[in-house]
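Naming follows writing order (A, B, C and D), and every chain is counted from residue 1.
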Amino acid sequence: MSTLKVAIAGATGYAGEELIRILLQHPSIQLTHLAASAKWDRPVALADVFPRFAGQLDLSVESLDPARLASSCDVAFLALPHGVSMDVVPILLKAGRRIVDLGSDFRLRDSAAYAQWYGKPHTHPELLAEAVYGIPELSKEAIARARLVANPGCYATSIILALAPLLRAKLVEREWMVVDAKSGLTGAGRKAEPSMMFSEMNENLWPYKVNHHQHTPEVEQALAPFAGAGGVSLCFVPHVVPMNRGILSTMYLRLAKTATWDDVHATYRDFYREAPFVRLRPQNQWPKIHDVAGTNYCDLAWTVDQAKRGLIVTAAIDNLLKGAAGQAVQNLNVMAGWPETTGLCA
Amino acid sequence: MSTLKVAIAGATGYAGEELIRILLQHPSIQLTHLAASAKWDRPVALADVFPRFAGQLDLSVESLDPARLASSCDVAFLALPHGVSMDVVPILLKAGRRIVDLGSDFRLRDSAAYAQWYGKPHTHPELLAEAVYGIPELSKEAIARARLVANPGCYATSIILALAPLLRAKLVEREWMVVDAKSGLTGAGRKAEPSMMFSEMNENLWPYKVNHHQHTPEVEQALAPFAGAGGVSLCFVPHVVPMNRGILSTMYLRLAKTATWDDVHATYRDFYREAPFVRLRPQNQWPKIHDVAGTNYCDLAWTVDQAKRGLIVTAAIDNLLKGAAGQAVQNLNVMAGWPETTGLCA
Amino acid sequence: MSTLKVAIAGATGYAGEELIRILLQHPSIQLTHLAASAKWDRPVALADVFPRFAGQLDLSVESLDPARLASSCDVAFLALPHGVSMDVVPILLKAGRRIVDLGSDFRLRDSAAYAQWYGKPHTHPELLAEAVYGIPELSKEAIARARLVANPGCYATSIILALAPLLRAKLVEREWMVVDAKSGLTGAGRKAEPSMMFSEMNENLWPYKVNHHQHTPEVEQALAPFAGAGGVSLCFVPHVVPMNRGILSTMYLRLAKTATWDDVHATYRDFYREAPFVRLRPQNQWPKIHDVAGTNYCDLAWTVDQAKRGLIVTAAIDNLLKGAAGQAVQNLNVMAGWPETTGLCA
Amino acid sequence: MSTLKVAIAGATGYAGEELIRILLQHPSIQLTHLAASAKWDRPVALADVFPRFAGQLDLSVESLDPARLASSCDVAFLALPHGVSMDVVPILLKAGRRIVDLGSDFRLRDSAAYAQWYGKPHTHPELLAEAVYGIPELSKEAIARARLVANPGCYATSIILALAPLLRAKLVEREWMVVDAKSGLTGAGRKAEPSMMFSEMNENLWPYKVNHHQHTPEVEQALAPFAGAGGVSLCFVPHVVPMNRGILSTMYLRLAKTATWDDVHATYRDFYREAPFVRLRPQNQWPKIHDVAGTNYCDLAWTVDQAKRGLIVTAAIDNLLKGAAGQAVQNLNVMAGWPETTGLCA
């Protein structure tokens, strides 16, 4: 494998930190540039931002300059606040760079939906059709060819991986698909908000954006091809729980036809036959966050309630890995033609 | 108010600890006896079990002796492991004592259901009809007259308080009522299990007893009178989250008729007009565990999705207070004819 | 006991929250006014600041107006940011109010030391001599007569209670008295700082203000009368640990003369003979935060290393109670001539 | 580098889990055998013990059989309960295997000290002289030649790395060297003890084995060569804090001669010139657990109090990595003649 030069814009957030950690061990990557969206007078040593990297990588973090970013790398990871990357991406594309965007700017194909959910118009709607929504388990070939991959949201990844196979198999009803998700706090990003202080969050728990979270439309969009005409209708309620990492999504579905645990198992098994990062748990063994924390796996488990026509599915991921930086590197591996698991320890 | 002599059997668990804490401040109670189900050679000073009570209560904890328990008190709180109180209660009743049983032995009216869910036959099924399921908001008059009150389970309390008014008003469908509950760890009791060690539970989260928890039948039994013929059918999945206290139950319901947020508000408001411990949150303000931790309140909030005929309700309680010891004292207050809030700080 | 009208300035912080919680249950207090140092356009309902108080207290929180504060109460608790109360206190005193100031403005008697440690000159140095440093176990009579009580810092309380008796008995050397303290996060106050976010603090731990914390001079000042000429010299290093509440201070002392565990016990016992909130632990039983959390106790334990002339003492308190709001109410009780424990559950 | 066959005895504990995790990524290791000290009827799939390894390593864990262990590997890691490895090591040595023992059986050279601190006689005292105490920063050459390396305790590693250079430079007094250490809970091992339950430990903190911890003699033994005649005298108090991983040791020392921050820096810098895993922090920057968690680094920081002749040093490590499994692999790398950092991401 030849080596690619990689830059990270948004290197000072949690996803950026994880990207650096992973890429330091990736055999075919050279980290060449780190940038942050903050306006700084001068570059800051990475070790001053993240002392954990002292002695490991002698790079500074610079304020984001799209031209400089474009000239520094073959591939750029963007982990920027909403609304920032849509103006950076065109510059990178023009320079011939390939991009994995961990933000939300290029996830929705419909610019009107973007404006509605993110509260501002999209400045480059002409690029939305080109962007590939980057779940390698669903779209490996498109990702391999993509110039621009839109890395999915953390909640979205856990939900889509659980539901796509069931929908394609027409096993479940597509209305009122209830998703109750629980997330660790790094999911909220690395910024000081009063409600996210330790003493506010510790020994606490709450729902938020109830039935109104911005990952809903990207899930519905991603599932539409599997659901057929009419698509799906989600009821999605995320909750924050006092832990740093991890998402557990519990999904409450109605069976569209009779099915057993084994039927569901066969459906998933066939769908994920070549997916190294999706694991199916043995019957009656439910996933814990510990089982996936620090890994790029998505663990699926389920139970069937024949009498009530119910199917309960849980999906567990590490929100910063399979939900963000890990999946981003998995996408890069696919784009570069490397084994999907390179640098991802599996 | 005259003073009642009160004993606690099961004083060394978390519910027992909370009962002691509350009753130390209750103006009309004298704690006269503490017992534990453990077999000890000799009594142990309370301060050796719970150093927090050093200097506050000079009682020893003795191994449980039903006769001695009966002779020590006017009213007994039982916070014993499943299957223990059913043999203690008859002795207390014969001695003329009144009882609040925090365990599960007298919650189900059907002895066959008891045997099925708790894995052993009930030794005194003849008492099941007499026991009053103790949610004062629903059964104040029966509790006032009761000799034996079966204090509800922690999850059950949060679910019943949320659903009973909606069912009575025929606002919601009674099938596939989805309840996704999240609980702190004291809910699992004070015993050393490998999976409940700090380093196993911290930074972790998991579902358990999926669609199979033993609180399901007591909820269905308690809701039946409100639901009418056919009763209700629950899909209940509890999760443990890394915090000590608190339960948040998120309920996913389908509307049986058109209704707005205000309609639901009116339904709850009317139902709980005289209930000091149920609070309705303003629209768009969701309850957090912090809002109820250390209190006997149950906070309710909800949202309506007209387009999808959906109603999402959340209920938050402190599992050791409104979910156990607080509700037990509330029941005692009702039994004694005292104001419901006595000693409960509200 | 007649009832006193009490106001709280600084009602929106953690100490303010605890004051409200305690005073709601205090039999001789009427809460008449709540103020915050924030500039608000209009008063905010207490339940909007702290939903836990919904239904319990129907007061609004207003922006701080010293004149209005003075006219609203007999006694004022001030829990304001450093440097704010020194301009409020003179107005309250002039109006004839008594004050318990939980902040640091009136703790140091020396205005030069104040300026050095707090980075600004004191605007009312003439009041420093009058303020009584409020540890009831040491200064009950002066507090009883005081117009202005300076409530000690949380670390300071734990250290002073442990060291004063040992110094008076000349048991320990007064140089290089090492204090390693560990505190929960509410000690840092209720403000959004990046390093205090949940995901920064959880699974983390660090020392700060090493040998340089602003509580050092108030401890040295408070201990001076017990130490005799030359006073004491502290080496104090605080650490933040990922929990909400509690301080454990571990002190490493050298014996000035031969002494046994029993000698130290006798020293403490005699000193705290009439102190209801200081508890001495049995030999070989070390205090845990759980033992004091939610209480106004300070638990002391120690061991003697005869061979090395060492004495190790630990002191545990709840930083928001004996370290702040609880001690403030204890001071009020002493000022009002009520039993020291009124409203403090002991 | 040729590949070594490696076995792990004690694969089901936290150190075992970390060893597996590291060795799965080590380029020159083949994991050939996993054993546990528990008596099992039949082997258990690794994925059933640690679901996180599902799909990564297809080995079973067997009950420990020393002969089978010896025949399975070139090098064995032993992470067994105290007192177990001393009977396994002779069998492995006789079979010509090399060993890294993460337990305490071969750390003390004096069998009487072993019996005193661990409460049982050593069954193979003749091997104590041969065992090399495995801190590569201090004894690289001896480790390279060793058949049997005794991997140090977690606390011990943090303390020795901080103190050895200061003692060799005669910078500090060797009496009453105060060490106040704070450890995460995985340090207590993976066993169900009541006091280590989540709800007992969360929001809690306490000292234990005060001035009496069994790591004290190994530290004193390891530091003796640096201290000269008379050795050192430690006052060591460990505390458990509510986090999973990490140790922070804060050391309170008296200067034996005048020294500045820079002098201490020069001392450490020279001592650790070729040590890739010891990092010196810039002045006034104190280490946090986050900086070392998940890494094999030991971060050192310090401050000098000239007036009081004081030197305060802090050392932070990940207790499971530099404090256990990471250091064990570092030792293996040295034994095998590989770069010290192989497989350890630095």
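Following the convention adopted for this analysis, a contact is a pair of C-beta atoms (placed from the backbone, for glycine too) under 8 Å apart; a residue touches a chain by one contact, two chains touch by 3 or more.
From a predicted model like this one, the values you see are computed outputs, not experimental measurements.
Student: Within the chain touch network, how many edges lie on the shortest path between subunit A and subunit D?
Tutor: Each step joins two touching chains, and the minimum needed here is 1.
Student: Identify the chain pair with more contacting C-beta pairs: B-D or B-C.
Tutor: Most C-beta pairs in contact, of the two: B-D.
Student: By residue number, over half of the contact pairs should agree; on that basis which option among C-D, B-C or A-C is the same interface as A-D?
Tutor: Same contacts by residue number as A-D, out of C-D, B-C or A-C: B-C.
Student: Approximately how many whole Å separate the CA-defined centres of subunit B and subunit D?
Tutor: Their C-alpha centroids are separated by 46 Å.
Student: Can you check how far apart subunit A and subunit B are, centre to centre, with Cα atoms defining each centre and the answer in Å?
Tutor: Chain centroid spacing, subunit A to subunit B, equals 40 Å.
Student: For subunit B versus subunit C, what separation do you get between their C-alpha means, in angstrom?
Tutor: Computed value for the inter-centroid distance: 37 Å.
Student: Can you list the subunit A residues in contact with two or more other chains?
Tutor: 184, 200, 202-203, 242-244, 287-288, 290, 293 - these are the residues of subunit A that touch more than one other chain.
Student: Quick one: which bits of subunit C touch subunit B in the complex? Just the residue numbers, please.
Tutor: 24-25, 51-52, 54-56, 202-203, 276, 279, 281, 285, 287-288, 290-295, 297, 299, 345-346
Student: Would you tell me which residues of subunit B are touching subunit A in their complex?
Tutor: Interface residues on subunit B, with respect to subunit A: 175-176, 178, 180, 182, 184, 200, 202-208, 210-211, 233, 235, 237, 239, 241-246, 248, 250, 252, 254, 286-290, 293, 303, 305, 308-310, 312, 314.
Student: Please give the residue numbers of subunit B that touch subunit D in the complex, ascending.
Tutor: Where subunit B meets subunit D, its residues are 14, 184-186, 188, 190-194, 196-203, 242-244.
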